[in-house]
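Each of the next two complexes has chain A plus one more chain, namely chain B in the first and chain C in the second.
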Partner chain A sequence: MGELFAIAIGTVFINNFVLSQFLGICPFIGVSKKLDSVLGMGLAVIFVMTLSSMVTFFIYHSILVPFNLTYLKIIFFIIIIAALVQLVEIILKKQFPFLYNALGIYLPLITTNCAVLGVALINISKDYNFLNSVLSGFFGGISFLVALFLMSTIREKLEMANIPKAFKGIPIAFITAGLMALAFTAADKSILELFK
Partner chain B sequence: MSDTDIKKYNYDSFKRGILKENPSFVLLLGMCPTLAVTTKVSNALGMGLAATIVLVFSNILISLLKDFIPDKVRIPAYVVIIASLVTVIDLLIQALLPALSAALGVFLPLIVVNCIILGRAEAFANKNKVLPSVLDAIGMGIGFTLALLILATVREFLGSLRFDFKDLGLFIIEFGNDAKIKILNTEIYGATKILTMPAGGFFVLGIILAVKQAYQNKKNGNNQG
Partner chain C sequence: MLTTIINILIGIGVLTGLGLVIGFGLSVASKVFMVEIDPIEENIFNALPGANCGACGYPGCSGYAVALAKDNSIPINLCSPGGKTTLDKLAAILSRDGVIGEHMVAKVCCLGDDAIAKKDFIFNGEDDCFTVYSFYKGEKSCKYGCVGKGSCIKVCPVNAINRDPLNRVWIDSNLCIGCEKCVTVCPPKVIKMFPLNGGHFVACSSHDNSKTVKENCKKGCIGCKICEKATDNPDRIVVTDNLAIINYNNPADLHTAAIKCPANVIVPIKTQKNFMIEILNKQKPT
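What follows is the complex of A and B.
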């Protein structure tokens, strides 16, 4: 249980995908204007990231490694992710129309979200086992949702705030992200000691 | 189109990416590598050139293949083309410049999902002949590389007071000892470590974008008044 907490805290706060690893910045700036869209996007990313971590783990260790094709991993992974996104879209449309309506427009965007391909590649490069791969995918998605959620609530307030004209819009969003990243650096490895 | 028209069109395709539609500062595409690899000038240069090479070849291939790829599966087809090119570049850099490959880490394979490359394929290469596509790719590549270099120069100089080109097998330029810089016999404590941390990337980019916006506001104001 302690290890689970350590992985959760480590991925969500210490190595936050968006704020300390710079993965998924495009949706972070692009989609974070409204809270509704943030929840849709975040849930869709968690879903696809967990699934793709599972599938890429199996494909890598059961096909690419035995046949000595590991140098093709980039091509394989991006095709797997694109196919997975398509599959999820079809299943949701047929079986869970309410979820599809909520996530619908964000699903195609996920294929080009670098966090999803990033987590698959990081799992391989760090030699994670199956459980750790899935957990890092799941909590990676959560860390994305947390960053997006915080950002969107701040940006809603910024709309009303009186800020210099030059900083209106995107520039102040980046400054805000910088301050958030700074706050997240306060969470370092010493927090993990609490769970030992 | 007459000859001069074609020349002008080609020139415009080349020029567009550098300032008017700069991918990083104006279109805000490819933000992840823009922020992640700009802690060092050498990394920025490596990333910019790698992305430019991928962009040039993907534009060439896609503008040649545009009549053969069915419209419905064009995006997956582009992604496969780009992924193959990125694999080639990734392996080449791993073999020739292992230190650079280690420094860029996961962001080298992530060129696949860099929106600039897919964006140019979809917006330009699949509607144009080979020559304008190549020029467009080179222009966009230069724009992207320049943006990365500007960010990296600010961050590395203020963050560590030196430029470290060791990853490219070159030299280190130092401006001060022990993170101090001496100007006219006055010692200034310089190295602002925060700029090489993730937060610094956001700050520097935010300030650059604000300067750009201030300049545009002023220009528009002058036009109206």
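What follows is the complex of A and C.
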């Protein structure tokens, strides 16, 4: 139980995918303009990350390790995840049109996203077992949602602020992201001590 | 050496196999889970103008197409950008009759610009109507008038809204498709809809008394009732609460009233462009 808790706190706050590991910056800047689109994007990322950590776990341990092909893991994972998301999209469109309308436009955006690939590679480098991999994927998605939510609320306020013309839009968003990342460095392993 | 080659071949083989399996699997899946698109829906979508303006009240043209294909009770005359041509096409596809509504265009009911409208203060912040309007309902002393920061320009899908150098905002009737986006976005609600063939409109929204209007703006309706008398019909223009309101169901001539208006705020709807250029040229020398 303590280990699962450590994974949850660790991936959401200490090793936040966007603000500490700088993965998935593209959708982080692209989709954080409006609060409305954040929830759809965040849920899509949680969904894909959880699913891809499950699948890549099996692929890695049942195909790559026995055949001594671990050096091919990056290209393998890219193809598997992209195909998987494509398949999920096709199935959602047919069986759950409602869910497709909510997540559909965001799914192709994250097929080859580095945060999704990152979670698969991190799971392997940390030698997680199946349950821990799935949890790490799930909380990885949550960490993305948290960062996206914080960023979008700030950016909606920034729209109203009087910013020099050269900094309007993306530049001020990057500066904000940098400051947020600085703030997140305050969260280190000492947080976990508090809960012990 | 041999083992290296074998390793390379294994890598190539595995990846090719993976590609084949996934490609084949996906193509099978797309066949199995194919979603059939209603041909009627597709036809309707092609008949719509594709402006995605939302004037019909549905999310974009595809939303309206889906709704029309599903429900027979939805009126087919909701698309104001498409007008008569779209209505005819839709009537042919769905074999239903529909009467075209009058072509409405949006108009800014205010002529006050930086030169003729008095200002209480100058706002040195962002060029946004909502921001400015949140401070004492805008810079102008007249609290009914256009804020002049052009938030409507940003939402207009066809770029029909212009802003003069003196921050007077006006809408070109030839370009306006009547989607009413600017009407909803305008904070003082100074943009209103008028029938394109209605002749003239009153380009002022102030309900202040004549003294205040004269102090605040050189182009304001002071409620003098000259226009009421200039039309033959007593019902055509009615001054209520210090503001002249035109009744568009009455066909009486408006031209005399427009000429006689002392403040010159009765403006032609169709040819507002010429009118605006004229007053802009008049102001230039001063």
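The rule is short, and it goes like this: the second predicted complex is superposed on the first by the 194 of 196 C-alpha atoms of A that agree within 3 Å, B and C clash if a C-alpha of one lies under 4 Å from a C-alpha of the other, contacts with A are read in each partner's own complex, and residues count from 1 in each chain.
As a convention for this text, a residue touches a chain if its C-beta (ideal position, glycine included) is under 8 Å from a C-beta of that chain, and two chains touch if they have at least 3 such contacts.
Quantities reported herein were computed from a predicted structural model and do not represent experimental measurements.
Visitor: Given the superposition on chain A, are chain B and chain C in a clash or a fit?
Guide: By the criteria stated at the top, chain C and chain B fit after superposition, with no clash.
Visitor: Is chain A touched at more residues by chain B or by chain C?
Guide: After superposing on chain A, more of chain A is contacted by B.
Visitor: I'd like to know which partner A:Asn129 touches here: chain B for first, chain C for second, both or neither.
Guide: neither
Visitor: A:Ile75 in the overlay: touching chain B, chain C, both, or neither? Say first, second, both or neither.
Guide: After superposing on A, A:Ile75 lies in contact with both chain B and chain C.
Visitor: Between chain B and chain C, whom does A:Cys114 touch in the aligned arrangement: first, second, both, or neither?
Guide: It touches chain B, and chain C stays clear.
Visitor: Classify the contacts of A:Lys93 with the two partner chains as first (chain B alone), second (chain C alone), both, or neither.
Guide: second
Visitor: Check the residue A:Asn101 against both partner chains and state whether it touches chain B (first), chain C (second), both, or neither.
Guide: neither
Visitor: In the superposed arrangement, does A:Ile25 touch chain B (first), chain C (second), both or neither?
Guide: In the superposition, A:Ile25 contacts chain B only.
Visitor: With both complexes superposed on chain A, which partner does A:Gly178 reach: first (chain B), second (chain C), both or neither?
Guide: Touch status of A:Gly178: first partner only.
Visitor: Look at the superposition and give the distance in whole angstrom between the closest pair of CA atoms, one from chain B and one from chain C.
Guide: It is 8 Å, taken between the nearest C-alpha atoms.
Visitor: Starting from the residues of chain A touching chain B, keep only those that also touch chain C in the other complex, and list them.
Guide: In chain A, residues 72, 75, 79 are touched by chain B and also by chain C.
Visitor: Could you pull out which chain C residues touch chain A in their complex?
Guide: For chain C paired with chain A, touching residues are 10-11, 14-15, 18-19, 22, 25-26, 29-30, 33-35, 125-126, 128, 131.
Visitor: Can you list the residues on chain A that touch chain B in the complex?
Guide: Contacts found on chain A: 19-26, 29-30, 71-72, 74-75, 78-79, 82, 111-114, 117-118, 121-122, 125, 164-175, 177-179, 181-182, 185.
Visitor: Name, in rising order, each residue of chain B that touches chain A in their complex.
Guide: 28-33, 35-36, 76, 79-80, 83-84, 86-87, 90-91, 105-106, 109-110, 112-115, 118, 194, 197-203, 205-207, 209-211, 213-214, 217
Visitor: Please name which positions on chain A make contact with chain C in the complex.
Guide: Chain A reaches chain C through residues 67, 69, 72, 75-76, 79-80, 83, 86-87, 90-91, 93-95, 160-162.
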